[in-house]
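Below are two complexes that have subunit A in common, paired first with subunit B and then with subunit C.
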Partner chain A sequence: MEQPFRLTSEVRDNCLVITTAGYVNNVGGEAIAAEFNRHFEKGIRHVVINLGQSRVVNSVGMSFLIEIIERLEESGGKLVFSDLDPAVEKMLSIMGLFQYAGKQKTVADALVSLAGAGKADG
Partner chain B sequence: MTDAVTLKMTLPKIPDIELVALEGLDRLARHLGIAEEKIGEARIIVTEAVVNALEHSGENNPSVRLEFTMTTNDLSIFVRDYGKGFEPASVEDPDIKAKLHTKNKRGWGLNLMKSMSDDFRIESNRNGTKITIKKLLR
Partner chain C sequence: MSRRTETGTLAGHSGTPIEALQEAFRVLSGAGSLKEESARFRSVIGDYFRGDEVRLLRRTTGEWESMGGGPEGTAGALPSPAAGVAGASALEGESVRIVQRLADGSDVGVVLLRGGSGNPYTESDLITLRLFLTVFENAYREMIARRNEKDLIFSLNHRVLQLNSLIDTGIEVSKITGSAPPHHLALERAASLTNASKGVLRVTRGGRTEEEGWFPHGGAPEGGAPGSGGISTGFDFGGETYTFQLFDKESRNGIIPFDETDQLLLDALSKQVHASLENLYLHQEALEKQKIEQDIAVAASIQQRILPKSLPVIEGYDIAGVNIPSKSVGGDYYDCIPLPDGRFALVIADVAGKGVPAALLVSSFHAYLTAYLEADLPLVELAKRLNRVISRASTEDKFITGFFALLTPSSGFLETLSAGHNPVFLRRTDGTLQELILGGIPLGMLDMDFPYQSETLTLGKGERLLLYTDGIPEATDPRQRLYDEDFPLRDFVSGKVPDRAGTFIEELIADVKKYTGSAPQNDDITALYLMKL
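Moving on to the complex of A and B:
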């Protein structure tokens, strides 16, 4: 059975890294958005979401991530997904999320890509 | 080819009940020796199908009938709800551009099921909705 949803977060190099485990349903999606909002209010504009330990997600949970993309778009920020299960990656691709967010194999790669984006920003 | 295995269940409308369906799916796959990575997309399809069906299952019979038939080559999924039905042709494909800066960010389920399946059929009337999906597992 898929494990219950869990979330951890840390700030590395001024980037918020959110790591989830277990099923990302509406409750999980809302928790991710709440964690993001908490850091966004403090000025964080670069975010990595590591879904590597969430092999099951649903579109209701993922729809909360559109809110994150929206706020980052408005503020010149950037979201990068990492460690995606191929099926989850396909789902996010169908939803069009990669038109607005990046994807990288690992959190380390995502942080490197965001560091580059930060330099490009100014 | 190994003989087909079938699993039938009726799922009540309780939180995360779709995980029971996924447990059944995983067990059938293990029985047939199908690698886990081959059923990843099937997991998403089943999750969306059950969540969607339960959301529209109506007040009188808030449950979903689900049936899997799996072989080493493919998976057939049948989902039936007992809601008031809808006109499938009237449902527009969601567009993320249109979802940004609007309140309603949901409504992806049907499109995901269609996009990830190899065959998708839907039949809906005032007695409920039936969805039949085929997913190749090779």
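Moving on to the complex of A and C:
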């Protein structure tokens, strides 16, 4: 059964990497958005969200993810999801999130893809 | 892109008022929120009126609230729109106050204040500011329309997600084996699809909770389950009641009530779990049945090895036997066993009951019988020992009836013993029948040294002996009448005197089958026929 929500983050190569565990609902979504906003204010525009330990996401949680995608898109940034459980990947796909955000198997792959995007932007 | 760049064409009245209004719409409609639009509006107006102080306020119910530029109280009262009118304005030389009603029913007020050195505001300024405020209202209307469109797309996608997840969950739940209970997955999916912040599954039996699982794990609130505002559903299966409950439906604006769709989703997922558990049960039952059938097949194979493939040739005699089990494994036994001293042991036996338990008992009976015959025990002692070992090897409702005959071929001498078995018919040459019944209780019926008795007789030329089990006289026709009632077996034995023992057996079986017709065979049919040539 899914665990209560937990979140850790780190900045690698000017990319924010947020790793979650547990149910991404209102509480989880708010926590992700708050962590994102804190780094966005400091100029971070490339973000990886590792949902590997979050097997359940509800639509309220997804609305926070959409807001992050929109803010990054408006500011020329990019979000990449990684380590997605197949069920979560399907959910995000149906909700249309991959039209504006990327997905990679691992955080390392996501960082590589963002590094490429950064060069293209630059 | 900075604010100054966005509003650049407005600065210093560089374009025509129409161009300025068009540019203002472009700038304002790009805002993502009312707060952002308000900030942009103040910038636009500030640029257009060259540094005049702009205050923006909004009221949704009673009191005005500042949206930038200072509190309303410092700039004098804002005019109130008359009933049915979207706006109101006031021009007082050094200030312009305008109120505009927005699409969401709230009012937005603008206070424009000119410094002491400037010219007083004119009617033209009032009209211009009103036009800008109309642009503000239009941009706000477009922002709401965009947001509604986004919400609609989100909502439609969510409905697709719910349907898709319902189908996927049905498939996943049906794949789950006993090691991963389907109800846990269903609870997770139900909570996420309905935006419940937590849920619980309880399995109870007779009011006692057998299992309780919360989603998320550890989500149980202190002091028990939340008291109200939740939805629930459930079903009964295998004597247990499964109950799903969801609590606290989330939204971006806090906890809201669950709706009808949430209840339908929860019901649907619960039904999927119910169907899955039933399928799992039926699957396990089928596997168990398959295993039992395999065991029966093995037992049948062993049983077939115990029964004789062929009977020995006894010089001066002809002998034939038959065994037709009613199920794949029978409880009947027969044999003709040559003994070291030249005699032959003719045996027939019938275990009470059928199937694997009966076959196991027959197997034990065969092993002990063979051992005791090799030990050359007297018939009475043999029966006594068999009674003891069978009694100890079987349950109370299991026993064996049997008939034993020791034949000395050269003389035709027979010693016989019946352990509660059907009368064995001895047909004399004159056609009379003698019933051999002396012996004792069925083997295994009582664990005691029962005093068995045997009898002796001599078989003359042409005389015949029929050993059989009750499957023959008690064979039934489709009307459930007994064969022996309509065609007494003793008459058949008396009347049939073929040249070969095999012929007698064939005709007897044919007669029984003709009588039973399409009726199922209820019992094993076994017979052993000996005739002295």
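In this text, the second predicted complex is superposed on the first by the 122 of 122 C-alpha atoms of A that agree within 3 Å, B and C clash if a C-alpha of one lies under 4 Å from a C-alpha of the other, contacts with A are read in each partner's own complex, and residues count from 1 in each chain.
Quick note on the criterion: a contact is a pair of C-beta atoms (placed from the backbone, for glycine too) under 8 Å apart; a residue touches a chain by one contact, two chains touch by 3 or more.
Predicted, not measured: the structure shown is a model, and the values here were computed from it.
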item: Simultaneous placement of subunit C and subunit B on subunit A, clash or fit; value: clash
item: Which of subunit B and subunit C A:G116 touches, first, second, both or neither; value: neither
item: First, second, both or neither for A:S63, with subunit B first and subunit C second; value: both
item: Which superposed partner A:G76 touches (first subunit B, second subunit C, both, neither); value: neither
item: Subunit B versus subunit C as contact partner of A:Y100, first or second or both or neither; value: first
item: Contacts of A:M91 with subunit B and subunit C, given as first, second, both or neither; value: both
item: Superposition clash, subunit C against subunit B - the stretch among 79-87, 133-141 or 241-249 that is involved; value: 241-249
item: Shared subunit A contacts, counted only where both subunit B and subunit C touch the same residue; value: 1-2, 23, 25, 55-60, 63, 66, 70, 87, 90-91, 94-96
item: Interfacial residue positions of subunit A with respect to subunit C in the complex; value: 1-5, 22-23, 25-27, 55-60, 63, 66, 70, 74, 87, 90-91, 94-96
item: Subunit A-facing residues of subunit B, complex; value: 16, 18-19, 22-23, 37, 40-41, 43-44, 47-48, 51, 94-97, 99-101, 105-106, 108-109, 111-112, 115-116
item: Touch list for subunit A against partner subunit B, complex; value: 1-2, 23, 25, 55-60, 62-64, 66-67, 69-70, 73, 85-88, 90-91, 94-97, 99-100
item: Subunit A partner contacts - residues on subunit C that touch it in the complex; value: 32, 153-154, 157-158, 160-161, 164-165, 168, 184, 187-188, 191-193, 195-197, 213-219, 250-252
